[in-house]
Amino acid sequence: MNLLKTSMSDAPTSSTTQPPPGNRNRIFWITMSGFGVMYLGLIVAMIFADYQYANWQDFKDLLGDPTVRFSVWLSLFTCTISAILSMWVAIPTGYVLARVGRDAINSRFANQPLMRRCLRALRYVIDTLLDVPIVLPPLVVGISLLVLFQTSAGRWLDGMTNEVFAALGFPGIQGITYEIPAIILAQFTVSAAFAIRTMRDTFEQIDARPEQIATTLGASHYQAFSDVAMPQARFGCVAAFTLAWARSLGEFGPILIFAGTTQMKTEVLSTTVYLNFQMGNLKGAVAASLLLLTLAIFVLLLMRFVALAGDDDRGIMA
Amino acid sequence: MIKLDKLTILQGNFSLREIDVSIPQGAYAILMGKTGSGKTSLLETICGLRRPSSGRILINDQDVTRLPPSQRQIGYVPQDSALFPTMNVARQIGFGLEVRNVKTAQRKKRIEEVAELLELNSLMKRNPGGLSGGELQRVALARAISFRPRLLCLDEPLSSLDEPARQSMIDLLRAVHDSENVTVLHITHSSMECRQLGTLQLRLANGKVEPFEGLV
Amino acid sequence: MKSNQASVRPTHRLGPTATSLAIAARAGAIPSLLLAAIASIFALGILGYLAVKIRPDAKTQKSDEKVVRVYCAAGVAKPTEQIAEAFNRLSDYEVQIARIGGSGELAGQIKTEFETQILSPAQLFITNDQELLNQASMIEVYKSRHTVASQQPAIAVSAEANQSFSGIGEMLEAKMRFGIASKRTAIGLLGRKIAGQQNMLSQLEQNKTLDAENVMVLAQALVTGSIDAAIIWDTTVQQINAQSEKPVLKIAGPADPTGQTNGYVAVGIVATSSESPGARAFTDFLINEESAKLVLKRFGFQSAIQND
């Protein structure tokens, strides 16, 4: 702000009526960066305040608790599973959405206006539906899942899962609802939507032309996808995976309702924060939040560095 | 022999109706046409990337109209080269062989042969990122001929090149045609290319293909 | 012309998948995707196994009749946890505190579960607010209701503050930033009732800084210093203080100068389809067992003999 004022008032005294272009550029960049810096400041201040509030002893107390250690591990396992499952859905779905977009429909059905309209409307509906888990309040996702698994099909699946776990030697896992599979399903429902969005954007950025040429060279559509499109999409994949992972780690509302908050059973790290807060242990809640935060930052950084190492063009940008 | 039998392509803003063309085996056919006359659409239809509204495409008397592009055995060099951004030049050239599961030794031999022909030996390890326009076109051409296609389709292969590069590319195209003994369909808007290269000269005008009778 | 093709693609469509995979592997082509896919399936398997493995009870066969699923109001959660631990040691049944939250929120979920006939519903609801069990819409949800203990609305302040009040009236006069709980909670309703008796309701509503969703959220606001005083349960103060080395909150006085206003902690046995002897056993334990009474007393709850 100061800089801006100084240069404005300096302007008339210089020989030209306008500030020199170098100066103007500097003002432009400072102003543009200013907004981001303010937001960055907010994030850093929040993290800093958390560290101020909880001391090292709170942290040690928290990690000394076997139920908390359980929730940390359960969080890590379930959100990695959810992220992998999300990628299984997101890569094919994102590819189909990107390649069967408006332009493709327009050119394929150039001479069938009705068909073209219907397909474009359908495409619009599909896009909207895929965004539902993103825009829906988290609690609604949880309630919907809970109700879904009370339908006859849901109950059947619940019973089947129970039997599968029993057959695998884990009779203690009783189906899906209020169990570990419920955590994963709740996380997956939301994180898959984010991953699909990311993958769709990624594939839309990738020119479809080389893939077409690959088919003229004798490649099947699968080969064109795996050899030509996928290698170009690797940064998008890293971004989608990290996004899905981070969403899953922070997922809370649906888990609360659909998986419950039983200690040593379905308690994940985000639930630990909530439980500590609800039971009046604010220091514990803050310490658990910090643990969540530290884990998230550490894993996100690690993912970006490891997955994108050796690529000078893109740096650590995913 | 390539034969287009009453081929009709209807596109939003233009149409090609009942095109009849016959290109004999081993010919170097040049199809002239103005920009926007539907030359590229015609090539894409022959390659299988676009569906004709009606009519047939015959290659050596086999009807390929309904075949997917991967089974037509046609090499296509698009105007924008459309190289694979993540593959080095050697792998691009061998791609048509790789997807046909040709053994590594055989494939290597063929890649070297084609690279020799198109003077690409020094670029084999490079990715398309830093290549010049002429180099890109040569890689695209090498990629399209490596698997010995029955027909080679060239979409304005010289338009993006500057004058000296253009002349050497014309020499290369001639060399490819001679040594590979491949039937070529080359589309362009330049009558100069037509005179220099074409053994069969055609013109696309008013939605019809007719013999080019300009300056033969 | 056929022979011309054959010469360049001798293995096309002939080689089994394994061969083509091996060839492609050498080319460094397809496998990157295929390998990633296979690796991810392995990863899923391993992670899934680990996630289940860390569960201490994963391998134990439990019959459903032995498990008692309890939903517990946050304000009673700490003593309930301790009592449940003692109960689980002594009995065949296993009490699981499946959900902890605001009483109103939990009551709502139990009702939903009852109406959707969910397979493993809450069997026991321990609430800070007896009234929630007695509402007309809840009558069919609970098989029986039992009062466990009583507590009193109090004015709480930071442990370092040195005010003391005889009631809500004095707190209002002190012109501090104060908070109350929402009308959906028992403490919120009681606080308003007391203010109403003294004709100070509008003053209370107009001057409040915070109207919190439940009593714990309100108490946390007091702990962080966002407000200076709050009308919460006397037991909430105890529960919060029990979780740090030195007291963080203290009671500056009763909300009701007469000391006649009480709130009741109650247990409701949910009318589930399956009989739950365990739920009844734990309820008995909670109400009659001396050790349970002792725990409740330590957290400031007073015994209340008021069964219906």
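Chains here go by letter, A, B and C, matching the order in which they are written, and residues are numbered from 1 within each.
Going forward, contacts are C-beta pairs under 8 Å (C-beta built on N, C-alpha and C of every residue); 3 or more make two chains touch, one makes a residue touch a chain.
Quantities reported herein were computed from a predicted structural model and do not represent experimental measurements.
More C-beta pairs touch across the A-C interface than across any other pair of chains.
The chain occupying the central position, as judged from C-alpha centroids, is A. Annotation: 44 Å between the Cα-based centres of subunit A and subunit B.
Rounded to a whole number, the gap between the C-alpha centres of subunit A and subunit C is 27 angstrom.
With each centre defined as the average position of its C-alpha atoms, the distance from subunit B to subunit C rounds to 70 Å. Residue positions of subunit B touching 2 or more other chains: 73, 100, 147.
Annotation for subunit A: residues touching 2 or more other chains are 223, 227, 231.
Contact of a single residue of subunit C with at least two other chains is seen at positions 29.
By the touch rule above, subunit A contacts subunit B in their complex via residues 106-108, 110-111, 207, 209-210, 212-220, 223, 227-228, 231-232.
Across the complex, subunit B meets subunit A through its residues 10-12, 47-49, 51, 53, 68-76, 78, 80, 82-87, 95-96, 99-100, 143-144, 147. Across the complex, subunit C meets subunit A through its residues 29-30, 32-34, 40, 43-44, 47-48, 50-52, 54-62, 64, 69, 74, 77-78, 96-102, 109, 112, 116-120, 216, 219-220, 223-224, 236, 239-240, 243-244.
Interface of subunit A with subunit C (complex): residues 70, 73-74, 77-78, 80-81, 84-85, 87-88, 143, 146-147, 150, 155, 158, 165, 169-175, 177-178, 180, 223, 226-227, 230-231, 256-257, 260-265, 275, 277-284.
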